[in-house]
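Two complexes, one shared chain (chain A), two partners (chain B, chain C).
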Partner chain A sequence: MKQLFEIYGWPLTTFFSACVALWLTILIVTPQFFMIELSLRFEDRGDRLTKIVNDLDVLYRDKGTKEYDLVNGPACNTTGMVNPMMTGDSSCAQFGEEDKLRLEQQVRELEDRIQSLLVEEQNLKEIKAQQFPYSVRNYTAMTGLHAWTLTKTVAFALIVTLIALAACYPVAYAVALRSGPVKTVILFTALFVPYAVNELMRIYAWLTVFDLHGLLNTLLVIAGFASFASDEVIIWYRFPGTVLVVLVYTYILFMVFPIYNTMATLDPNQVEAARDLGAKTWRIHWRVIIPHTKPGIAVGCIMTFMLAAGSFSVPYIITRGLQPKWFTQLIYDKFYESSNWNLGSAYSFTLLLICILFIFGVMAIFGVKLRQLAR
Partner chain B sequence: MNDKAKISRALRDGSRRSFLKKSAVVAAAAATGPWIVNSLAASKEVKVFAWVDYVNQDMIDGFEKETGIKVNLTTFGSNDEAEQKTKASGGKGWDVIFPSVTNRANYEDANAPGGIWLAPIDEKRANLKAIIPSFLRDSIALGAVYRDKRYLIPYDWGTEGITFNSKVVNLKDAEVSFGDLWRPEVKGKVAFRQKSVIMGTGLYLDSTGVVKSNRMLDVYKSEEDARRVWSAITVWIIERKDWFGAFWNNATEATSAFKDAGAVIGQTWDTTGLLLAQEDSAYKYRAPKEGIITWLDSVGILAGAENLDEAYKFINYILTPKVGAVFSNKTGYNSAVAGFGDYTSDTFKRQFAEVYRPDVLSNMWWWQADTPWFAPMRSEFVEKISNA
Partner chain C sequence: MRGKEVVLEKVSAKFGDFTAVYPTDLVVNAGEFFSILGPSGCGKTTMLRMISGFLSPAGGSIRIGEDLMAGVRANQRPTALIFQNLALFPYMSVWENIAFGLEARGVSKVERRKRAQELIDLVALSGEEMKKPDELSGGQRQRVAVARALAVEPAVLLLDEPLSALDLKLRQHMRAELRHIQRMTGVTFIYITHDQGEALTMSDRVAVMNRGLIEQVDTSDRIYDRPSTPFVASFVGENNILRGRITAVEDGVATLESELGALRGRAVAGLAVGVDAMLFVRPEALRIGDESQSDNRVAVKPVRRDMEGAYVNWVLSAGEQSIVAHMSKAADAGIDHDRSMHVGFAADDAIVMAAGELADTGRQLADTGRQDDEAAV
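So, the complex of A and B:
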């Protein structure tokens, strides 16, 4: 810190520190804290309070309808366009005195029941407010189906990482060590250009390949293996492989770059020296290039794995819902479909923990330290 | 090279310095920009949060021409999305919202100012007289009222029935059934959304006596009944998983299920079937004999609405018969505004008469008001179907 003050002077250093602090609070601490807090609150939807709130709702609706009738008379059809009615008379008759009295009596009875339930609701709310609100029930609530989804998602992300590694290592090697400046530029441009296109557009582009009348099926028809007319075509998005292919394609650059970066710092003389001393090609890779590239490979694997495990759009768009959902989609559903933010938070935190475990696992396998990764 | 030397070298590098300066200018502009725009527009704007196809350009232009108020439109694709986004934004950010009337209870939240993320409707300012009276009345039973105050105004109704390609499956109008999704000849070419196929197929199974559910009203009765009925239906559907052709969650996906994913029959909203039929007469949208699934959508005001005057002006504008007709012509949904029928197009009138025969209108199945267990349990069974 003292060094920073000496180099930049106090105004700039203060500004930088403030920016870093803001970044940490807004982007890291606050959302994580919010999420952990939510995940530790268990919402019991089967408790007495929920039931009372629901019962109150039913009574209020009933009372509201009766009060409406008292003011407006029985519902009647008054429009030119025929309209459906669920309840009520279709005639426009007026209520008689007797009907009115009966309705008023019913409204009063409903009001009494509402009042007693309101008291009980208030009591239960006060009791709830005094209770300790936190528990780990959301973390232990994962059902078999959800655990299986999580396992599959992690397994798929691992497969994606391995395929990407197998595909990227040769590419990085070719660009870093085996090509002159011109070739390097050409190869890099070829790698880069697809990534100038928006990620969603690239995913939808793959949909046109896998679709029923897409590129793959059209080629099959031209080759005579399939037919559009008799519907003998392959429904590609039923195969899990499609998601893997698109994921590898989408995140491959995050594997190439770290590997290329570390590989490019290797002195080519070392490779030559190894060859001169009689090492075979595989041995040169195993003993010279890979050990040097380890941090790059580790970073590439970590980034690809995290992105693949956390990918939402690829499985969502490519499968058209016809494959079992990924864990990320499950988390989305917890928030947006079943309205259970607490469980959703617990699930997303579980996924985060698994990803962190993966990082440490990879670091242990490759024997790299956090300091090396940061470089 | 030590860190100090690295940093001072970086500092000497002129390009980085000018980059820093430039980025500071950009950051400053970005920070002030939205604030200026906000303060300028605050007085003449209404922020609308609506279903994707609900507020079309004609309505926006017409409203702006009449009142000079700009419409700032955000769209959603499902009730759940609208609810969760409202909850996430604390009931602010929009003025007018279009929930399904049966979903009002999902806007209740202990964290909301009045216990709910919606604002009570001021019946003096909203032109409730414009609405067909039976909708105004029935909307109370479906959930438009919360603790003695009205929060939602009926806006339109529509249905979820069967869309089919009559060139492939030729069904007679009066004999269409929710069970037709599972006919042998449509294997692998069926489109539906999981959360409502368990209702449609449930109605079919109730009518054939396989799973008794009192016309699916049992799932609203109690948690135990809901679990009993939906479990049995889900098992029955999963046994036929080879029939699944495409799932949809919004109107766009439903249309694409037929156009791109090869579906020939599906349980869809009316808009999908009716608009497909306008393009290609082979497509038909018909009511199943078990009773077509019907929903009532509504318009309301958010608890944190900033432009209340503009919001009421907007609501009263869309509740005029002419605008109701513009809405219906474009979407195929039916306006809840009295007298909108006089302004609808011939196509709309013809399609309405084709689908909503008198026997259909007297046998509609209405979505009921949500209960606390409804959404979570339904999503549990939806997951089972999705993972089949």
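So, the complex of A and C:
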């Protein structure tokens, strides 16, 4: 801080510090706090209060309908179709006197019930307001099915991470240690160009591969294993493998780069020294290259895992609804389909927690410290 | 004796169109401490990498002991290389570093530990076994590198300027230590350096290399006293260089007609009358005061007298030519400063050879022609 003051002077430093603080507050701290708060408030969808609120909705609606009928007479339309909402007389005639009395009687009954429910609601609300509002029930409320989805999502993310690692280590090795400068540039361009395209576009592009009339099936047809005419084609979207493949493809760069970056700092003489001392290739990797590359591998694994576990667009686009949902899709549903932000927040924090556990797990396995990761 | 001889026949190296090492014949005897001395960029490392198997020669053959090395990979050669930057494994402890070669050979851990301990004792590193390389001093790291290379019991140890990262005092200490280790183990050492002091003090024999070419292979004494090319004469030690044209060669003594008159010195083989030539004479071979009996006598004017401690450094001029002479204190006391001065030297102390490329050591003494010479190159 003092250094910053010296370099930029106090006005600029203060200004930038304020901007950073503002940014942190508005974009990170506040929303996170809001979400945590939400996730700790349990909204019991089956309790008396919810029922009363729902019942009140229905009663108000019924009451409104009857009052409308009282003013406008019985509904009738020119097609002669009976309005299904209407109960009682379906003819187009005017109400008789006793009909009116009956309706007025019904409205009064409805008003009474509304009144009593309102009182009860008020009481319940007061009781609730006095209760301690927070609980961890949102976190423990996960059903077996959702827990299974979560497990599967985490397992898939792990597999994606392992595949990406297996694919990226050799690539990074080839680029960092085995090729001249020209080759490095070419390889990097080849790696980069696809990433200049928007992520969604890249994912949609895979549909042309997996589609019923897509590349894979076309190849099968050409090879004679399938036929478009008799619909004997494979519905690729049904296989979880498709999501794996696309996830690996989508996030592979986040694995390649950290590994490449650390590997490129390895002194090639060390590799030669190991070879000179008689070590075979696998031992050179195991004893010299991997120990040096560990922080890069750890960062790559962490990033890939978090991105894969948190990916929404890939499973959403690729599965086409033909596979069980991913956990991210469940979270989305909680927020936007069932409007249960409390449970949605709890779900997303559960996922976040697992990711954090994964980070510490990886750091323990690789024996790297946070400071090394930050490099 | 564990060392083996190393024989190079017409070995050359190329990087694309650039020839880093011209076809070279070289015999390094078994158990010898052999140095390759040359300015940086002359191809020393390249030479070593070919012997160790990291680089395939563009031509020629390498033999170690009885075995031709063509097609034998680095990890199967009886050589061990000590890298210019040591290339210790930073994530392994000292003893693991030293035992790595044994580990690669499948030696059991107990046995590895035992053999590593012997080497740790040999290089005087007891007590440091568990440290990581970055916890060691420069000299200690140096010793780990030596021990690590010796652990695989190589017949030939290749050292690529291993002392260049150390400070002067440590360097001098490590020289003695390396020499000692070489004697103890009897391993053939091929030692690369751009430091002539290192090469001359440690080696049984020295090869002087320039631009991919070995110009002379000889003992340290002969390299110093009997350089065979202008490059060697100017690269190793200090020399006064006097230029002229050969007028006679008789009984191995050449007469050179120079700006300073006729000068006589030993002729290198093959010197012909009429060629442009250089006469090299060491500052300590010059005499002032009692020069009258000398084969050569040149009138000079004193420019400067520097007291260097063990000797006195005289800077003199003879016309355009400047000449440096080192006088012992006793001889210096006898110099009559008022008299018009002369320097003299015995023909046997001077060497005459055909003009050629000189080393760019940055410490050329007395060579007025050097600028023109470089312009011509």
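Criterion: the second predicted complex is superposed on the first by the 360 of 375 C-alpha atoms of A that agree within 3 Å, B and C clash if a C-alpha of one lies under 4 Å from a C-alpha of the other, contacts with A are read in each partner's own complex, and residues count from 1 in each chain.
Here is the rule we go by: contacts are C-beta pairs under 8 Å (C-beta built on N, C-alpha and C of every residue); 3 or more make two chains touch, one makes a residue touch a chain.
Nothing here was measured: the structure is a model prediction, and the numbers come from that model.
S.K.: Counting residues of chain A in contact, which comes out ahead: chain B or chain C?
M.R.: Tallying touched residues of chain A, the top partner is B.
S.K.: Would you sort A:D276 into first (chain B), second (chain C), both or neither based on which partner it touches?
M.R.: It touches chain C, and chain B stays clear.
S.K.: Now for A:H292: first (chain B), second (chain C), both, or neither, which partner does it touch?
M.R.: A:H292 sits against chain C, while chain B stays out of touch.
S.K.: Examine A:T25 and indicate which partner it touches, taking first as chain B and second as chain C; both and neither are also allowed.
M.R.: After superposition on chain A, A:T25 lies in contact with neither partner.
S.K.: Which partner does A:D267 reach: the first (chain B), the second (chain C), both, or neither?
M.R.: second
S.K.: Across the complex, what residues on chain A touch chain C?
M.R.: It comes out as residues 267, 269-270, 272-280, 283, 287-288, 291-292.
S.K.: With touch defined as at the start, can you tell me which chain A residues reach chain B in the complex?
M.R.: Its residues touching chain B are 3, 7-8, 45-46, 50-51, 53-54, 56-58, 60-65, 68-69, 72, 75-88, 145, 149, 211-213, 231, 235, 320-322, 324-325, 330, 333, 335-341.
S.K.: Which residues, counting only chain B, touch chain A once they are in their complex?
M.R.: On the chain B side, the touching residues are 3-4, 7-8, 11, 78, 80-81, 83-84, 105-106, 108, 132-138, 140-143, 145-148, 157, 188, 195, 223, 244, 246-247, 249, 257, 260-262, 294, 334, 338-342, 344, 352, 356, 358, 361-362, 364, 366, 369, 371-373, 375-376, 378-380, 382-384, 386-387.
S.K.: Under the definition above, what is the set of chain C residues touching chain A in their complex?
M.R.: 52-54, 74-76, 79-81, 83-85, 87-92, 100-101, 103-105, 148-149, 151-152
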